[in-house]
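Below are two complexes that have chain A in common, paired first with chain B and then with chain C.
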Partner chain A sequence: MRRFLLFRILASALTLLLASLAVFLMVRAVPGSIVETMMGQMGSTEGEAALRRFFGLDQPVYMQYIDWLSRVLTGDFGVSWRQGSPVLSLVFGAFIVSLQLALMVLVVSSLIGVPLGLLAGYLAGGVIDTIIQSFNVLFLATPVFWLALMLLFGVSALFHWSPPTIYASPGRSLSDNIVILLLPMLSLAFLQIAAYAQFVRQHVVEAMQQEYVRALKARGVPPKVILGKHVLRNILVPLITFMGLIFIQILGGVVVIESIFGLPGLGRLLVNALYARDFPVVQGALAMILVSAILINLLVDVLYHAIDPRLRT
Partner chain B sequence: MKTLLDRARRNPALALGVAIAIIIGAAALFPGLFSQTSPLEIDMGRALQPPSTAHPFGTDHVGRDVYSRVVHGAGVTLGIVSGSLALSAIFGGLTGLFAGYLRGFSDLATGQFTGVILSFPPIFLGVMITGILGSSVANLVVAMAIIYFPLFVRVARSSTMVEASRSYTEAAQVLGAGDLRVIFRHLLPNVLPAVLTQYIILFPLALQIQAALGFLGLGVQPPTPDWGASLQESKDYVLFASWTAIFPGLALILSSLAVILIGRGLQSKN
Partner chain C sequence: MSDKFKTTRRRLLLSAAAIPLVTLAGLTIPVAPAWADDSVLYGPSDPAAKQGGSLTVGSLIEPPSFDIYHQAGEAVNFVAPLMYQTLVYADHDGNPHPLLAESWEVSEDLTEYTFRLRSGVTFHTGQPLEATDVKYGLDYMRNPDNGTIGALDFADLEEVEVVDPLTVVVRLKKPNSAFLITLTHRNGSVVPRNWFDGETSRTELNSKSVGTGPFKLAEFVQNSYMRLQRNPDYWQPGLPYLDEIIINFIPNSAGMLVAARNGRVDMAVLVRPQDADQLKNDTSLTVQRSRSLNQKSLDLDSTYGPLEDERVRRAVALLIDKEAVMQAAISGYGQVLGMMVPGMQDRWGVPLDDLPNQKVDVEKAKALLAEAGHPDGIDLELRTIIGYDWMEPAALTLAQQLQKGGVRVTIERLDLGTWLQNFRAKKMGFTLNDWGTPPDPNILYYRHFHQPPEGADFRNWANADGSRLLDEGRQTGDDGKRREIYNEFQRLLAESVPTVMMFGSDHIVVVSDAVRNHTMHPIGWHFGLVKTWIDQE
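On to the complex of A and B.
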């Protein structure tokens, strides 16, 4: 277990290093042009050279990367070109907003999607299964941001209500915070419920064919116990892997809908920074996403080794 | 093609998927058959009109016909998705073919490279590439081709490894066929079905990403009648002119739905 853990952490670190290099090179492909924009028409060669020195662009690219990386490793992501505030605090503050929403979606969709999948799998071929499967296909096809627009419209048409546009952190007012996050949470949850239900259904259908389920059935064990205790436990390992995937997917979805609801999350920060060409913030936001995606994958691997006794050495 | 129709007759869900796909495909290829109105003609005098006989899907904030924009958007949106996925399938498929056959260093290097791409959640990779390189159709296509490249590599690689261990490959090698001949003549035709299946599976996902990027303003730019871009423009009017958002969204849903149903129908045994 310890060797496995060490290996996984090293592998994750290597991926992170290469991915950070990719982000760096991509973003670095642009500042040259930024110097030109800043100099404009009146640019003198001396002025341009001074600016290049200022941005560190006179160094060879690998030196620039090493320099950037060593500063990032000490937590220095630089300063936003637009707002002048440290990138790390901007990115971290935004990340907390996105993370809260993503966790809410994860909990709600697991609590609804997994039982739906168990039910559909157990009743495979029946009417309820068909209804659940139609629901799945429909919501797998629906763009999350479109559902968000429709929910905004529907709620306003039916209840003459619109969510508040000014974000309140849970620390300031928990009830306001929940009210604000309600529609964004719903917009994202339907897709993930469908994804869960479909995934769990398939695994349950497979499990139902196996000897142990038939033996349980023959012994007269009630379906609730078979599903909730035995089948669920047997599909736990793939389910956890899937949860990791879902969580990363939710983080992606959060980014797309934040601007609709005016949530000051990571996605809005990233998209606005891209519009404003504020590259230190872009780099910081992408680094945050990468680290969290890689950490989630690592966590999934570790959990799955902890759960499955066959993988223990 | 014939088997597809045969199967559709026995599987109503598949038949529905094929029917929707045919209609949307026709709109993408021949928009003129469905709408004679221009998707670009601005008329502020008739802005934000609800659906009527003259404008079956209503008009948008500058008075353009929403129906015509949805019809003409099919070619733009679906063209970009199918084109970029095709690019991805060709490059990813070939890379997987070579990596799976040659193994060794090239395989390891490919694995590490695709691992890096896969460590980015897809939408972020799209946002990053189109956001930094600038939003244009070419950059959008490149971004989407890169996002799905690793998934084609994986499928082609594992399928190649299975096929390479079969006796027909060995026979070809024993008879003195070179690596390139084995790869293109013998392995390629056998790996192709797996790559095509992957294409169908990834299509709805790629469509969602394409639409999301358009919606974020990073994909196709207005006034091109791309569905995602149309939805971005409709964002501020959805509360009182919901038709500007409903119809481009329904077009996206129906397209995804058609491909999902076809994919499921082809994968099921009967």
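On to the complex of A and C.
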């Protein structure tokens, strides 16, 4: 286990290093720089040159990368070129917002989606299964941004109400925070509920064909126990992999939702920084997404070992 | 940026001093404004106004930063005038009025401007405003090595001299009849002397303001909101009316509409004017619509393929139905243009019908193309900027209109950074554009259309007659004569077609019932909030 972990961490570090280089080069390959966005249409050539020097953009790209990397290795992610605020605090502040939303979606959708999937799988072919599957197909095909807009307009038309437009952190006001995150959470949750239900159903249907389930049935074990104790345990490994994937997907997919509901999350930070060519923030935000993706994968692997005794060596 | 361009710019700076001043005859001093009347500043006063209250404004765009000397962009312009002030204020008709200046004198040859400053004005830092601060700001801004955004606006400054603590003289290398209006732009904002010497002074401007304006920056939270607080030491008695302004950045139109409808914001500035249609039936909201200094144009780079030939450019102009493009792009919430922006049309513009190439004439366009050697038509790439909502429907409509005359168009979508890079490198191609101007024809046209090195001539028009007219207009103080010169220039633009000014969108502001006495300045910046008040009963 320890060797496995060590290997994974080293591999992750290497992945991060390569990814950071790729990100650094890609960001700089995009035409235009912060100099143009600061100067607008009316800038002078000398002024542009002065700003280029100011931001170190007059250096060769490899020098810029070495400079950036050596700072990052000492924990210094630099400051936003637009606002001068430290990248780390900007990125963390935004990440917390996205993370909270993603966790809410994860909890709600797995709590609803997994039981739905178990039910549909157990009753495969029946009326309930058909209803659940119709729900799945409908919401798997519904674009998240469309659902978000419909929720926003629908709630506004029905209740003459819309969520506050200035974000409040849980520390500032928990009730406001929940109210603000409710519609964004719902917008994302329907798709994920459907995804969970479909995934779990598929595995349950397969499991039901297995010898051990037939044996359990023959022994007269009640369906609740078969499903809850035996089948669920057997599909836990693929389910956790799936949860990890979905979670990364939610984290990456909140961009649209953050923009529709005006949430100051990581996606919006990244997109705005990219438009302004605020490179330190772009790099910081992408690094954060990479690190969280790697951490989640690591966590999934560790959970495998914890859950599945066969993997323990 | 190419080295060639750099050299050209440098040559300009070196040679500018050597150019002898053109001898001018028959100059008149601009009519002096009525000095005493400060009531015109920031729009009409309201005797019924009550002090106090907080106003929440929804804004689709967000300032990247408040480093007002180094950060360009409309999002900054919108809010900066509430915190930072200039020597001169331009009213809704484009007339200059003293703001931080108390009065001024202009020399007969339009090269020397003597400003007398108001006494008793203090910066948000607490220090009093003096002539040295004005000199510092102008000298810092006009030095391009500081990476400032307004260096070219003030490239003609010879020197700024402090005469006494409240008197400052600005000398220009060349006469400039638009200099007072140039000073109304936020690039002329006055900050405390030596402000930018500080190591962190640029970024500090995102957490506090250091101007003399009626509001102070209290909080600026990226991707969320900013809060302005009433400046208790503000120099205009009784102003501003509001205690607090919160500007809430709502990144999309749908969210903005819903927020306005449900009272989450008291005021919403709509970037897509057609969104007003969705709020028309809401009785608790009022839609305010006013003329702007904006133009949505189609630019034609004279070095881009077949556009090199003036006949081809004229053919393009003859195929465009501006009204139809405006309907498609902004549902008609704007004004069709000739060769002048809406807010200046009455005073400076040639009526649309008196300009050539304004009426659709497909046969003539085809004939012109054939004459230019393109009997089978031409192919062009039309550029649009991602994020400018109006451009997509406009481009599609234009493509249909141009197709009828044999101009086949493919649409190329660029993001703003890329587009700006092309623009600055003078490789605009065939593109939609969206821009505004302070209210003066010299400022509107000079840099865009004058040949280098004096102007930038972004569209590579290289028109000597145009440059001559622009020089004359810049050196003429008399309003009537200036109008004649600029009328002739507009006819030239319409004839030679370096650009097709299609329409200007109106300012659309949605306000709740409690909002009183709000006016939108034609330039679209929030001057009007200084005299806006909230009826709290």
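What we mean here is this: the second predicted complex is superposed on the first by the 278 of 313 C-alpha atoms of A that agree within 3 Å, B and C clash if a C-alpha of one lies under 4 Å from a C-alpha of the other, contacts with A are read in each partner's own complex, and residues count from 1 in each chain.
Note that in this section contacts are C-beta pairs under 8 Å (C-beta built on N, C-alpha and C of every residue); 3 or more make two chains touch, one makes a residue touch a chain.
What you see is a predicted model, and the numbers here were worked out from it, not measured in a lab.
Residue contacts after overlaying the shared chain place A:Glu48 against chain C, while chain B stays out of touching range. In the superposition on chain A, A:Pro264 makes contact with chain C only, not with chain B. Of the two partner chains, chain B and chain C are each touched by A:Ser162. Contacts of A:Leu152 after superposition: both chain B and chain C are touched. Of the two partner chains placed around the shared chain by superposition, neither chain B nor chain C is touched by A:Ala194.
Contact with neither chain B nor chain C is seen for A:Met185 once the two complexes are overlaid on the shared chain.
Applying the stated contact rule after C-alpha superposition, one finds that A:Gly84 touches chain C and leaves chain B untouched.
Applying the stated contact rule after C-alpha superposition, one finds that A:Leu140 touches chain B and leaves chain C untouched. With both structures placed on the common chain, the touch criterion links A:Ile235 to neither chain B nor chain C. Common to the chain B and chain C interfaces on chain A are residues 30, 149, 152-153, 156, 162, 259-260, 275. The residues of chain A lying in touch with chain C in their complex are 30-33, 36-51, 54, 79-80, 82-85, 90, 94, 149, 152-153, 156, 160-162, 164-167, 259-262, 264, 268-269, 272, 275-278.
Remark: chain A residues 14-16, 18-19, 22-23, 26-27, 29-30, 137-138, 140-146, 149-150, 152-153, 156-157, 162, 248-249, 251-253, 255-256, 259-260, 270-271, 274-275, 282, 286, 289-290, 293-294, 297 touch chain B in the complex. Of all residues in chain C, only 1, 5-6, 9-10, 58, 62, 64-65, 70-73, 144-153, 155, 200, 202-204, 206, 220-225, 246, 248-252, 254-255, 258-259, 261-262, 264-265, 387, 415-418, 420-421, 423-424, 435, 447 touch chain A in the complex they form. Note for the complex: chain B touches chain A at residues 112, 115-116, 119-124, 127-129, 131-132, 204, 208, 211-212, 215-218, 231, 234-235, 238-239, 242, 245-246, 249, 252-254, 256-257, 260-261, 264.
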